[in-house]
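Here subunit A shows up in two complexes: once beside subunit B, once beside subunit C.
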Partner chain A sequence: MASTEAGGSKGAAVVFRGLRQVYGATVALEEFTLDVAAGEFLTLLGPSGSGKTTVLNALAGFIDVTSGHIAIDGVPISDLPTEKRNIGMVFQNYSLFPHLDVLGNVAFPLRMRGMAKRPARALARDVLRLVRLEDLGLRMPHQLSGGQKQRVAFARAIVFEPRVLLMDEPLGALDLKLREAMQLEIKQFQRQIGCTVIYVTHDQGEALTLSDRIVVMDKGRVLQVGTPRAIYDAPRTRFVAEFIGTNNVLPIAAGADGTTTIVEGFGPLAVAPPAGARWAALRPEVLRAVTRDGAPGRAATIADVIFLGDLVRYAARCDGGAELVLAERRLPGGGAHPAGTRIAIDVRPEDVVFLRE
Partner chain B sequence: MTRVLLGIYFAIGVAFLVLPLALVVPISLTDSQFLQFPPQRLSLRWYREFFVDESWVRATLLSLQVGLGATAVALVAGTLAAVAIVRGSFPGRRLLHALLVAPLILPSVIVALGLFILFLRWKWVDSVPALIFAHAVGAIPYVVLIVSASLRSFDTTLERAARVLGAGPLRAFLNVTVPYLGPSLFAASLLAFFASFDELIVTLFVSGGLQTLPVRIWTDLTLRLDPTVAAAASMLIVVSVAGMSIAEYFRQRNVRRYGH
Partner chain C sequence: MTRRRSVQLALMLAPAVALIGLLFLYPLFGILKLSLFNPAFTLESFDKLRSSPVAALVMQRTFLLALTVAVLCFVLGYPIAYFLATMRPRWRAFFLYLILLPFWISVLIRTYTWMVLLGREGLVNGALHGLGITDGPVQMLFTGFAVHLAMVQILMPIMILTCFAAMVEIDPQLVKAARTLGASPWKAFATVFFPMSLGGAAAGAIICFILGLGFYVTPALLGGRRNIMLANLIDFEVHQTLNWSFASVLALVLLAATLVLLGLFRLVAPERRLHG
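So, the complex of A and B:
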């Protein structure tokens, strides 16, 4: 069943319509409507309590939503029990069966679908080869490292060729280095299998790396849906602007002449604010710090220096009062301004994102 | 000084617990007609007597039969009850738990009297199935206590994983939860078995003419008193200690394997 040839979308389209989940007086999910394309890698991104896990649980059939419905490839699944939905899932703590060896774990979905033990284990071995664990088939789960468990869980979730794969913070328990390596692997596996992936995480970096599209959620509501680039470059709300990457969000007022914007604590910008805009978002990388005397820009003092290797990040305080974070690409052998350095901060008006809510 | 006093205290405690048991074994090895300590000459004649006397053998076999039956009933009923108590959210969950565990706390005489009155009304005295059910009442608390503790530490996402991977609710329980509970079920069934195998008071009330091994020992003690009783008791001790050791071994292994 598990083939390794590339291309040809074998994923299924998933449609959510007006999903709503209420627990007593608290609304866990509000009117969740979304179309996921076949073969798409979609990430639900948000802090805990944002409703992202509720969507996943509803799709897996772990909960009955208060209202709304879900269809996979046009077939409504709301009345199907979990085991009939044919969905693959990787859990946060892997949830490998402790009493089965690696092969037994990976063969489990096949056995549940009526396949005999021998061919099921043979097929499981093939999929273990895909995740490069073919030598560990006879190990017990507690003998595996975190990364190995993760790959076994992944193999188990795809061995029966589900057309939709759910991943619930699958990298949450791994350390940073391993997490980055696994992100690349997951992306690679997904391209090979071609299934639709719905991925849940609170890690914005992970979402940016992996996704075709990101759904940013907070308090049970969808705030923005878009490609990683659109979400990063054009956040629509203050929450999205601050949750994705680092951002300086400052309150604004329209200038008296109608062609400028006054950014609180920072100063005027040579552009009129869009109607209804209340904040300006300035990414650290669009702010330029210049030490030369008389350079254009807002006078500021560097308060703190964070060395990141390829980047140097400064925390600066403008004479106007605003606290800003700046990022500067560091050239090989290049230095960094020490704390206390007087600088001028400049920004191109077209790099400023205005936010209404 | 404190160490010495504690040592003495410990020795007295252990002696108090072990001496009665330790006395029975030498007495069973005597050559004489009477219960005698220390034995004058060693002999295994009372062990032979035990196996030659049909009433002893029949009592032993009945005890085994009732013990196995009661264990099976207690294991199934107790496990299902534990699942309901741990997973369920119905009113009266705590009450159910308290009722099921009560036979462990209540004086046996009271439980025995209650069962006796009930069985008389149902004309259920003098039957092996009735005895099995009576013993199961006393064995269920062990199963409920051990299995519910184990279920509480069970990560239910494992069952969810099984469900999403294609197992129905029952298969998920049998394929994932039961193997996890396995060592606990084993320990619980050993305790349940010995709760039945050693049972005297309830049996005296409800057994009618049936003689289990403890009842046989009891009647022998009140009527005749020869060293066959000591031989029977010695064998009971050996079997019980072996059973408890096996149960403890599996409990420890479980601690090592899953941390609970």
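So, the complex of A and C:
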């Protein structure tokens, strides 16, 4: 497949309009509207029951949604059966056909499109080269490791040059080390073939690493859409703030003079809260622990020290009552404060994110 | 396995081994002896097996009947098993119960039931006549048709359950995967589901074939004189002609056929590797 190796095949734009799915009395998905740009790597992120799988099933044609429609490059696909949608899909448990060898699996979509056996297997071999498995073509799926199965599943999903690729928790069954390696590979493969990827995961770290944009979902609703950086730095709701990365979310009240915010259990901040704000979110890395006497900040005691190599994470208890997590970059050869150390916690007001809901 | 463990295992298996040895292998050895000694060593009965036109005809008929019944069980049972395996689990128990119900009734009683249904004055003839489709009673009892019908009815639950067991092991996601890769529902079935269920289906068909070879009551009661099967012939040689030596040889033929088929069964029976 020459075009693939040259990075020539282009992705398609996907449009979701008012997708809604109701099972009896439960709403699995509410008014899902989204534009996915051609060639974009978009991640649907959320816990189980968030509706992300419903979106995927609707796009793949496994379910008929209650209302709404989907179009790929302007062509409505809601009435097309799954096999006519030309969408590649990688499943969580790989779903390799156990009765076919690796080449047979990768050649399957080509055979279904009427290609003869020999050219189909030759093309399959080319794509296996892309995922660096060209020597394993004659193995049966049960003879492969988890990472190899994952790559075969990927090869099988792209061999017919789909313009949209769906990935449903594709790394969920792999161990951590392999998962991190595969994340990089997936990103690299996607750049090579240029197709639009819609990736479903509940792993926020994976979402941050891979995505151009993230759609955070919960209970069938979209909570926020944005780049990984925007989602991380400027969460709009408490759920997003707490789901992505680690965060300290504390209730707030407006100060009496109108220019300060009182953070419960922590103390005042020299900034007025925006109208309607109910919580302050303080990322561990924006909190600074200072041990000097008389340093500005709130007095606290380190309760626990978690050593992470490049970072040291502290669980601290403020004298005001708030429990906070702090993260400190570890300097070369630097130590860490032991538990029980008295510290002062300082934060710049501009690093605080205020949340309304 | 440790030595201690093997001793434990041997002790636990001893009663079963003793039972099989005493009640199966010993009589089997007796049959072998009967077939070869009369009372001195002779191959007379084996010669008779080769030369007897009756034995040849009955053997041919028996194998053909068992094969036809097995094929019919497959053709009729596979779709039912597929229906069961892909239906909603809520209803599945109910339909499985419907299939198992006749299975729990003795073969003898089911055979008698068919006699009641298919006889000259039976329900089927009564209905055909009453509806004006036939003028007089149709001969159904004591025909090959009756034997086939009853045997398929008796053996089909086994076929269905064996197929079903293999089908529920197939990950439904595989069929979905095939669909995303461009297979129509029919092609997804033909290229993924069917090949993966074939082992179970073949195993079921072989079990039906093996059981069909040894059928005695049903051909005896529904087949009449013209549909004598191997088991009936053995019975005839034992009770009527008292030629126990020849009966033993026929029994050995049945045993040998069964063993060959069991070997085949081991080859096709679904294995773990298909579900890795």
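Heads up, the rule we're going with is that the second predicted complex is superposed on the first by the 348 of 357 C-alpha atoms of A that agree within 3 Å, B and C clash if a C-alpha of one lies under 4 Å from a C-alpha of the other, contacts with A are read in each partner's own complex, and residues count from 1 in each chain.
One rule holds for everything that comes next: a contact is a pair of C-beta atoms (placed from the backbone, for glycine too) under 8 Å apart; a residue touches a chain by one contact, two chains touch by 3 or more.
Everything quoted here is computed from the prediction, not taken from an experiment.
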Partners on subunit A (subunit B, subunit C) - clash or fit | clash
Kindly classify A:300 by the partners it touches after superposition: subunit B alone (first), subunit C alone (second), both, or neither?
-> neither
Once the shared chain is lined up, is A:112 touching subunit B (first), subunit C (second), both, or neither of them?
-> both
State whether A:141 touches subunit B only (first), subunit C only (second), both chains, or neither.
-> second
Considering only touches as defined above, state whether A:244 meets subunit B (first), subunit C (second), both or neither.
-> neither
Thinking of the overlay built on chain A, is A:98 touched by subunit B (first), by subunit C (second), by both, or by neither?
-> both
For subunit A, what residues appear in both contact lists, the one with subunit B and the one with subunit C?
-> 60-62, 81-83, 85-89, 91, 93, 95, 97-99, 108-109, 112-113, 142, 156-157, 160, 166
Could you please specify the touching residues of subunit B with respect to subunit A in the complex?
-> 155, 157-158, 160-168, 171-172, 175-176, 179-180, 182, 257-258
Taking the complex as given, what residues does subunit C use to touch subunit A?
-> 171, 173-174, 176-185, 187-188, 191-192, 195-196, 273-276
For the complex, which residues does subunit A have touching subunit C?
-> 60-62, 81-83, 85-89, 91, 93, 95, 97-99, 108-109, 111-113, 140-142, 156-157, 160, 166
Which residues of subunit A touch subunit B in their complex?
-> 60-62, 81-83, 85-89, 91, 93, 95, 97-99, 108-109, 112-113, 142, 156-157, 160, 166
